[in-house]
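Sharing a structure here in C-alpha cells format.
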Amino acid sequence: MSHTPPKTMPPAHPFDTSYLTDAGDDDKLKEECGIFGVVGVTDAANFVALGLHALQHRGQEAGGIVTHDAEVGFQSARRFGYVRDNFTSQKVMETLPGPIGIGHVRYSTSGSKGQTAIRDVQPFFGEFAMGGAAIAHNGNITNANALRRELIERGSIFQSSSDSECIIHLMARSLQRNIPERMEDALRRVEGAFSVVAMTRTKLIGVRDPLGVRPLVLGKLGDGYALSSETCALDIVGAEFIREIEPGEMVVITASGIQSHFPFRRQPSKFCIFEHVYFSRPDSILGGRSVYETREAIGRELAKENPVDADMVCPVPDSGTPAAIGYSLQSGIPYAMGIIRNQYMGRTFIEPTESIRNMGVRLKLNVNRALVKGKRIILVDDSVVRGTTSRKIKEMILDAGAAEVHFRIASPPTAWPCFYGVDTPDRDKLLAATMTEDEMREHLGVDSLKFISLDGLYRAVGEAKGRNNSCPQYCDACFSGEYPVIPSDKVESGFVMKSAAE
Amino acid sequence: MSHTPPKTMPPAHPFDTSYLTDAGDDDKLKEECGIFGVVGVTDAANFVALGLHALQHRGQEAGGIVTHDAEVGFQSARRFGYVRDNFTSQKVMETLPGPIGIGHVRYSTSGSKGQTAIRDVQPFFGEFAMGGAAIAHNGNITNANALRRELIERGSIFQSSSDSECIIHLMARSLQRNIPERMEDALRRVEGAFSVVAMTRTKLIGVRDPLGVRPLVLGKLGDGYALSSETCALDIVGAEFIREIEPGEMVVITASGIQSHFPFRRQPSKFCIFEHVYFSRPDSILGGRSVYETREAIGRELAKENPVDADMVCPVPDSGTPAAIGYSLQSGIPYAMGIIRNQYMGRTFIEPTESIRNMGVRLKLNVNRALVKGKRIILVDDSVVRGTTSRKIKEMILDAGAAEVHFRIASPPTAWPCFYGVDTPDRDKLLAATMTEDEMREHLGVDSLKFISLDGLYRAVGEAKGRNNSCPQYCDACFSGEYPVIPSDKVESGFVMKSAAE
Amino acid sequence: MSHTPPKTMPPAHPFDTSYLTDAGDDDKLKEECGIFGVVGVTDAANFVALGLHALQHRGQEAGGIVTHDAEVGFQSARRFGYVRDNFTSQKVMETLPGPIGIGHVRYSTSGSKGQTAIRDVQPFFGEFAMGGAAIAHNGNITNANALRRELIERGSIFQSSSDSECIIHLMARSLQRNIPERMEDALRRVEGAFSVVAMTRTKLIGVRDPLGVRPLVLGKLGDGYALSSETCALDIVGAEFIREIEPGEMVVITASGIQSHFPFRRQPSKFCIFEHVYFSRPDSILGGRSVYETREAIGRELAKENPVDADMVCPVPDSGTPAAIGYSLQSGIPYAMGIIRNQYMGRTFIEPTESIRNMGVRLKLNVNRALVKGKRIILVDDSVVRGTTSRKIKEMILDAGAAEVHFRIASPPTAWPCFYGVDTPDRDKLLAATMTEDEMREHLGVDSLKFISLDGLYRAVGEAKGRNNSCPQYCDACFSGEYPVIPSDKVESGFVMKSAAE
Amino acid sequence: MSHTPPKTMPPAHPFDTSYLTDAGDDDKLKEECGIFGVVGVTDAANFVALGLHALQHRGQEAGGIVTHDAEVGFQSARRFGYVRDNFTSQKVMETLPGPIGIGHVRYSTSGSKGQTAIRDVQPFFGEFAMGGAAIAHNGNITNANALRRELIERGSIFQSSSDSECIIHLMARSLQRNIPERMEDALRRVEGAFSVVAMTRTKLIGVRDPLGVRPLVLGKLGDGYALSSETCALDIVGAEFIREIEPGEMVVITASGIQSHFPFRRQPSKFCIFEHVYFSRPDSILGGRSVYETREAIGRELAKENPVDADMVCPVPDSGTPAAIGYSLQSGIPYAMGIIRNQYMGRTFIEPTESIRNMGVRLKLNVNRALVKGKRIILVDDSVVRGTTSRKIKEMILDAGAAEVHFRIASPPTAWPCFYGVDTPDRDKLLAATMTEDEMREHLGVDSLKFISLDGLYRAVGEAKGRNNSCPQYCDACFSGEYPVIPSDKVESGFVMKSAAE
C-alpha cells in the first residue's frame, strides 16, 4: 500500500510519527508491509500478533489486527508502534476474540513524507449488504489515483490516503453476491503489485497479483490454516509451511478446507529479487532454500567476481552479515566484526536534539577500533541507495586507523525507484542513477567499490544461466529500469520510464 | 446524533470511555451535542475551541474541530475529553490553521451504552468530486437505520456507528453540482431533529430541521460570522448575537455575506421545551429572555401551583438553583444552600473501586448538616428521571436531621423517552412512566412531591394561555408522549407510541 | 507547608505544573493544604482518598497517601493532579493496603513560583531505628530556613524543598525512644503554624500548634477514628464529628483509644479568621455553626454597614454566594445570578495559546446579559486581593449594559501577606497595601466599593463585642498586619513588619 | 549498586516495572550499572545522554542525569526506560543545562525481584553545608546493611532501598571540609566493589575500589574530560581514550586539569573476568585489546580444548558470536548463522498474555530451519547460568532437524553467585552449582557439552601461564567461589562461603 495525497487532503491526524524515523536507515530501501492471517484456531488474535511480530522487519510504523467472533462480530485494533508494545496486553487482546483474524504491519515513513494518520493503518474494514470484510494489502496499486477519482465521482467517501482503500470501495460497489467474488471483481480493476490477506465472518482469503511480485505463503496451524508474507512467521506460531501461494492465485480458506482458483489472466511470474537481497528475513524460505543461504551464495558470487587482497572481511551490520560470511568462506579471508551495532536502537532517538542529529550513524554503529587499526578491510553491504550511510561508515573506519577500505555490495547498483510496495527515494536521490561505478567509488572515498553483477545475482538466487534478458525471471526494475507493470499514476505525474528516457 | 449499532458491528475502538460516566448524573436527561462554526476570522480554530468550551455542558465525552486553510487544505482533530484539555495546546492548535472552521462536542455515554470510538466523534468529513465538506450535527435522525441499509446496499462504506454519517453519504451520492445543494438534497431524505453546522473550503452553512427542535443561533464576529447552539458561546468569543436560525432555514455564509432560504416544506415549529428547563445554559438567551429568568419564572409558577409551609428553600445544585430562587422569591420563604456540591467532580472518579461506587451521590453532594438540622426543607430540582438521585438526596437530608422534606420539581413528570438528540433511559426506567405522582412520593419517601403542570410550564416560558393542546407550541414529547415526528427506527424495533398504547 | 528554595537548589523534577494555574484565581488567597488520616478500619486508603477528595478545595496541585499493613509494611503513592484522577483506580489502591493511613493534598502554585517536584508532595516518610513514620503538614514553619541550615550542617540530607521536611529530620535526630515523643521533641523546635497528621505502624497522631492557626478535627469512623482538616471530609466517609483538636493538643490514637496531652506552652488561641471567610468549605462546621451560616451572617453584617439602593444582589461565583444571599436577606433586594460560572473549569486550559490567555476571566465567568441589562447591581465577593479579577468582572458587567455596579466585599481589605500556610502575593501586589478604599474604588471603576469592617467580621463569626484589640480572638494578620508569630525566615530575607514599618 | 530491602520497607513506588523483564534473558548474568560523566564542555547533558546510550547494555531499567549550571544550580532527571526514549527530547534536555554532568543506567530487574521505585534510580544527590554533590555507583557495597543500620541509628533518613545511598549519607556526616575529602572518608567505610563517578558544582570525581573490580576509564573530550564505565562510550561522544582509572585511584577533574591520588590501602587488583566474557561491549577496549578479540581468542582456546567433528559452528546470538567466530577460525569448521535473532525484542512483550509467555524463547530467536536440517551443529554460547534457555534452544534446533547438537561454552561453569554488582540467581538456581558437567549435558539433552577451563579462560584474556591460584589475577568468584571481599551482609543473612561449605 502507499499514499497518494489528493490535492484537498482529508484531515490529517495530529499524531506525530516523525520520531519513528530510524536514524541512518534512510539509506535503505524499505519494504512497506507484512501481512498475516489465521482461521480455525482458538484466539486467532494471539497468533496474528505473534505472526506480525515475526514480520516486524517489513514495517515498523504501525500495525493492526481484525478478528471476528460469532458473538461480538468484527473487532479491530490499530496502533502506531511495535507489535510487541501494542498487541500483547491482556486488555487489548481481550477485545479481539474469535477463531479468525488478519493483521498488517506497515513501514516507517521517513520524515519528509509527511504525517501518517491512524486512519491509514490497515486492515481496512467495510460493511456490505451481505456482511463485513477486512483486507490487509502488501504491495502497491499503480493506478490508485485514477481509481480513487472514479470512485469519488460515484459517491464513495474515502477515509484514508492509502491506495489500498480502493480495493474495499471497489468491493462495496461490485454487483457480485458474495465477498470472494466481489474481491475478484475488485482486484481485476487493480494494476500493480498486491499480495492480499482478507477475511469475512468465516473465510480467510489470500491472493497474489498475476506477477506474484510480493510473497505470500500458506501454512497448517493445528486444525486451521495460516497465510503469511514469510515463512519465519509460520515458525513463530508453530505452523507447518505447506507451499507458496502462486502468482495470480486466490485461495479461500474455511475451517474445513482450502479452495484455490486463478481469477486473472496468466502471466510470467516476476517475483521481487530484492526480497532475496534484503527484505525477507534470513530464516525465511524462498524457493526451497533459506534466504540466509542465498545471501551467503551472493557473497560467494561477489568474491568470485570481485576479489581483493585484504586482512579481514567485515559486514555492515546486520544486513550485510550473511553475504560477508559467504565472501569470507569463498575468499579465505577471515571474517570479523569490525563494526558493532548498538542493540538499543530498535527505533531511533525520540525528538532528537540538534547535536544528536548531527552525530548521525554513530548512535547506531561503532567501529571496533582496536581490531581494525592498521588492517585492510573488506566491507560487505547489501546495497547502496543514497550512499549517505556508506560514506559515514567509511569515515568511521578510516578514523579508527584502517589501512584500506574495500566496499563489496551484494546487489547491483540501485538506479531506479520501486513502485510496487517499496519505499524508495526519488530517482535523482539514488546514487547509481547519477554516477558511474567509478564516480561512486570516488564519491564514497574508498580504495575500491564493487557491486555484484545482475547475472551474478541471478546465479546466486538459483538461476544457473543468469538473467533471461528477453523475459527476466524476476522483477529487477530497481536495478534494470524494466518495469513489468507500467506505473501509470507515476507516469501521469511526470515519472519518465527507461525506454522513454533513452 | 446517536448510535444505531448494526448487527455486525463495525470494529470498535479499544478506547475505554467507561470512566467518563458522571456519577449520580445518570439521573438526568442529557443533551447529546453542541455545535459551533465561524468564518471570516483569523485562526478560526481558536474561536471554535472557545465556543465549544462554552457549550461543554451539551456534551462532555469528546470533541472535534475541522478547519480549512488555502495552503494545507482541510485539517481535523478529534479527541476524547474536555475541550479545555484537548484544544488549547499550541501544538494541537497549530495543526488547525485557516479562516473557517466548525466544531462539535458530544455527550458522555452512560456505561451500559457500550464503548464509543474516536470514529464516532464529529465533525464528519467527506471528499467529493467538487471538494471536501465537513458537518457537525446536533439532534437525531429517526430514520437512520433505513437510510444506512439503503446506502450500504448501494456501496457506501460507513466508518462510524453514528446516525449523522448518513448525511455525508447522502451528500456524496447526490446528483447536485455544488455542496450546499447536495446538503439540501441529503437533508430532504432525513427525518427527525437536526441542527447542522457544515463547511466547505469557503462556506459556513447552518440548517435547522423544519420543526426547529434543536437550537441554532447566528452571531457577528468581527468581520466574520459565527453559528452556535447557544448564545453563551457567542459571548465567550465576543460575538454579537444577531438572531436565531429559523426552523427549516438554511444559511450559507461566506466572508462576504449571508444567503438564507427555506428548502423544506414549512411546518409549525416545535422547539424542545426541555432546553428551557435544563439543557441550555442559564446565561443563554432563548426567545429574547435569559434562560435563567425563565427558570426563575418556572420556580415562581411552581410556588403558586404548589405552596407549602417550610423554613427554607434549597436547590438541588446546580441545575435546580434558578427555580429555587424563583420559588423563594414567590413564596417569601428564605433561600439557602442546604446541599453543597463538590467542585472537583467535573467528571467522576476514574475506574472507581467498589467501595467508592457504593458511596453514590456522596462524592458529589454533601448536606450542610448544621444548617438543615430540625428544619422543614423545600428541595427544588429541575426534573425527576429515574428518581435514583432524588432518593439518595432525600436520605442524606433526613440523615442530617431535617424535620420535613418537600420536593418541588420544575418540570412535569418525565414519562416518555426523547428520540430527538437526547440521551434518555428506556421508558420502563422512567419513574413517571410507571407510577402516579402519589406513588412517586411514596417511592421517594418525602413529605410531599409536586411537579409543575404542563400548562404552568408553558406559562413560565411565555405562553400566557398555556399549552395549545390542538397544536402544542413546543415539542414536549418527554412529558406528553406526543411525538411531532414518528421515530420510525424505534417503532420498527418495537417502541410502542402513545396512541397505540392507549 | 511551603517552599524555601535554598541557594543551590536540589534537583528539580522536570514535571511541568505550569498548566495547573487556575485562570482568574490568582486573585484569591490560597489555602495550601488539606490533611486526613484514619486508623482502625479496613482498607484505610479508600477512606483517606475520599477524605482528601472532600478537602480538594484546600489544595489541587498534588496529593499523597501513605498506609501501613502488617504484611507489606509502609506503602505510599504521591501524584500530581486531583484525588479523583489518581486515587481511585483499583490498581493504585491495591498498592495501599492496611488499617491505618494518612493523606495530604497541596495547593496549586501560581506560575511564577517555579516548578514543584513530586519530591515535595507529602506525606513525608522517614525510617527510624524503632520503625517508620509518615507526616502530613498543613501550615507553615516560619523558622524553616534556620532549621534546615542547622540540620544540613549536622549531616541530614534533604530530599525536598519543603519546610515540612524539617519535622521528619528533627524526629530522626531526636534522642527520645518512641515516635510520638520524638514528634513532640521535633515540634517544640518548630515555629509558625502547623496542624499535623502523622502515623506509625499502629498509631495515628494529630497535633495543632499552640495558637491553633490551622484547623484539625476528630471523628469516629466505625470502630476506628479519623482526623481531618475539616468536618466536610468526615461527612463523606460517614464519620461522626466528635470535636476539634485543641490548640497545642497532641492526640495519639490507636485502634483501642485516644490519648491526649498538651506538649507546648499554653497560649491564647489564634485561629485563622480567613478560614471563615473563604478557605473552609461552606458545609464544614467551625465553632458549632456551618461555615455557610457564618458567611451568610457576614453578608447580613455587610448589608447593615454598607447599604445601597439597587435592583439585585449578585454573587461573584462561587465563593461570594453565601454572603450575597445574606446581603439580599438583610437588605430585601432580590438575589439573582447575574454571573454564571462555567462548570468545566476545574483546572484551566492546559498550555493556553496566547489568544486564550488574553481572554482572561471570560473562560470561566459569563455575565447573564439579558438579566443585568439596565439594572443597578450589587456584586458581593469574598475578598479583594490583587483586584485584577474584580476589574475584569466590572468590565464584563458594564459591557452587558448594567446601569450601576456596587462592590460589597465580605472581608476587610487584605493588606498583609500570610506566612502561616497560605499562598499570598508579595505585599506590594496587594491592592489594599498601596491604596485607600477610595483609590481602590476608582481603580476598579465602580460606582461604590465597600468592605466589611474588622469589627463587623468579628461580630459575624460570633464575637458579639467585636475584636478584642488588646488580644485579638483570631489571627487576622492579613487584615491587621499583627502577626501572632514573628515570621523569622521572612524577616531575615527582608520583610518589614508593621511595627517597624510605621 | 543493589537493593537491600529493610524489614519495614520504605514506601514503594507504584510504577510497574514487571514488563521490563527481557524474555529468555533471565538466563544471563546481568551487569547492574553503567556510569558516565563529563566536565568542561558545553551542554554536558547531551554528552552524558550519548554516553549512557552507549552503555545501555549495562542497565536497561532506568537512567538518570544530574548537571550543574552556575545560574540554575543542580538539576536532575531520572526516568524508567531507555536513554534514547527519555534523554533526547529538547524539552527534557533543556532542563539539564551546564558544563558538568554525570549519569547512570541501571539494570533490568527480573520479575521476582519486586518493584523498583524511581527513588532508587541514580545519580543520588545530597546538599551539604559546603554545597551539593551527586554520585553514580557501579558495583555493590557488601556491608551496606550494617552501614544503613548505623546511619539510621544516628538520624539519617534513607530515601531509597539502594546500597549506594549509604555513600551520600556517609559524606553528609563526614567531618572533612570539602567534598572530595568527604568522599574519601565515606568510601573508606565501604566494603565491596565500587566504581563511582561523582560531581560537585565544578569537579568531576572518579574512584575505583582498591581491587578495581568494576571498570572505569578516562577520556579527553574537547577541552574537557570524560569518565566512563567503558571505552565504547568515549567513542560515541568523540572522546579520546586516555587510560583506565587504576584500582584504588581517585581522580578529581576540573576544567583545568586532573589530580590523582590513592586514598585506600593498596591491594592486588581483582578485575572482574566476566567483563571479558560477557558484560563489556565487544568494541570496548580492556587491557589494550578489543573485547571482541578477547572473545574470539576464548573461542579459539575453546576449540583447542574441546574439538568435535561437525558441519557448522553457530553462535547463540548475539553474545556467543565472537567466540563462535574464534571457534570456527581455529577448527576450520564453517561459521554460519543457524539461529536468527528478532531485532524487535529490545525489551520483551509488555504484560504478555499467557499464551505468549509460554512461547518462551521463540519470540526472540528462530532457527534457520532450511540451513540446519540434517547438519551436525556446534552451538557456541558465552555461559550457562540456569540452563533454561540452553534447553529451549536445543529443542528448537532438534525440532528443525539437526543431526547432532554440541554445546561449547565460552566460560567455565558458573557455580557461585556474584555479590559485586551483578544480578545473579541464588546459588541453588545455578545449574553448575548442583550438577557435574556430565549431569548438565544429560539435563540439557545434547550430544556433547564442554566448557572452557578456568586456565584456558585466563590464557585467552592474556595470562600466558593461566591462573595464578595462590593469588588470582582476576576476580573469578562466580566460577571459583573464591571471593576477594567477604560479602558480609550476605553471610549475615545465611550465605555459606566455599571454605565453610567444604
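A, B, C and D are the chain letters, set down in written order, and residue numbers restart from 1 in every chain.
The rule is short, and it goes like this: contacts are C-beta pairs under 8 Å (C-beta built on N, C-alpha and C of every residue); 3 or more make two chains touch, one makes a residue touch a chain.
The chain lineup, named per UniProt: A, B, C, D = Amidophosphoribosyltransferase.
Keep in mind that this is a model prediction, so the values were computed, not measured.
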At the largest C-alpha centroid distance from subunit A we find chain C
Distance in whole angstrom between the CA centres of subunit A and subunit D is 37
Rounded to the nearest Å, the gap separating the Cα centres of subunit A and subunit C is 61
Here the gap between subunit A and subunit B, centre to centre from mean Cα coordinates and rounded to Å, is 50
By the touch definition above, subunit D meets two or more other chains at residues 91
Chain-chain contacts, ordered by label, are A-B, A-D, B-C, C-D
The residues of subunit C that touch subunit D in their complex are 6-14, 66, 72-77, 91-92, 95, 125-129, 131-132, 134, 149, 152-159, 168-169, 172-174, 201
Contacts from subunit A onto subunit D in the complex sit at residues 43, 46, 49-50, 53-54, 56-57, 60, 82-85, 88-91, 93, 232, 235-236, 281-283, 285, 288-290, 292-293, 296, 318, 321-322, 325, 329, 334-337, 340, 342-353, 355-356, 359, 362-363, 366-371
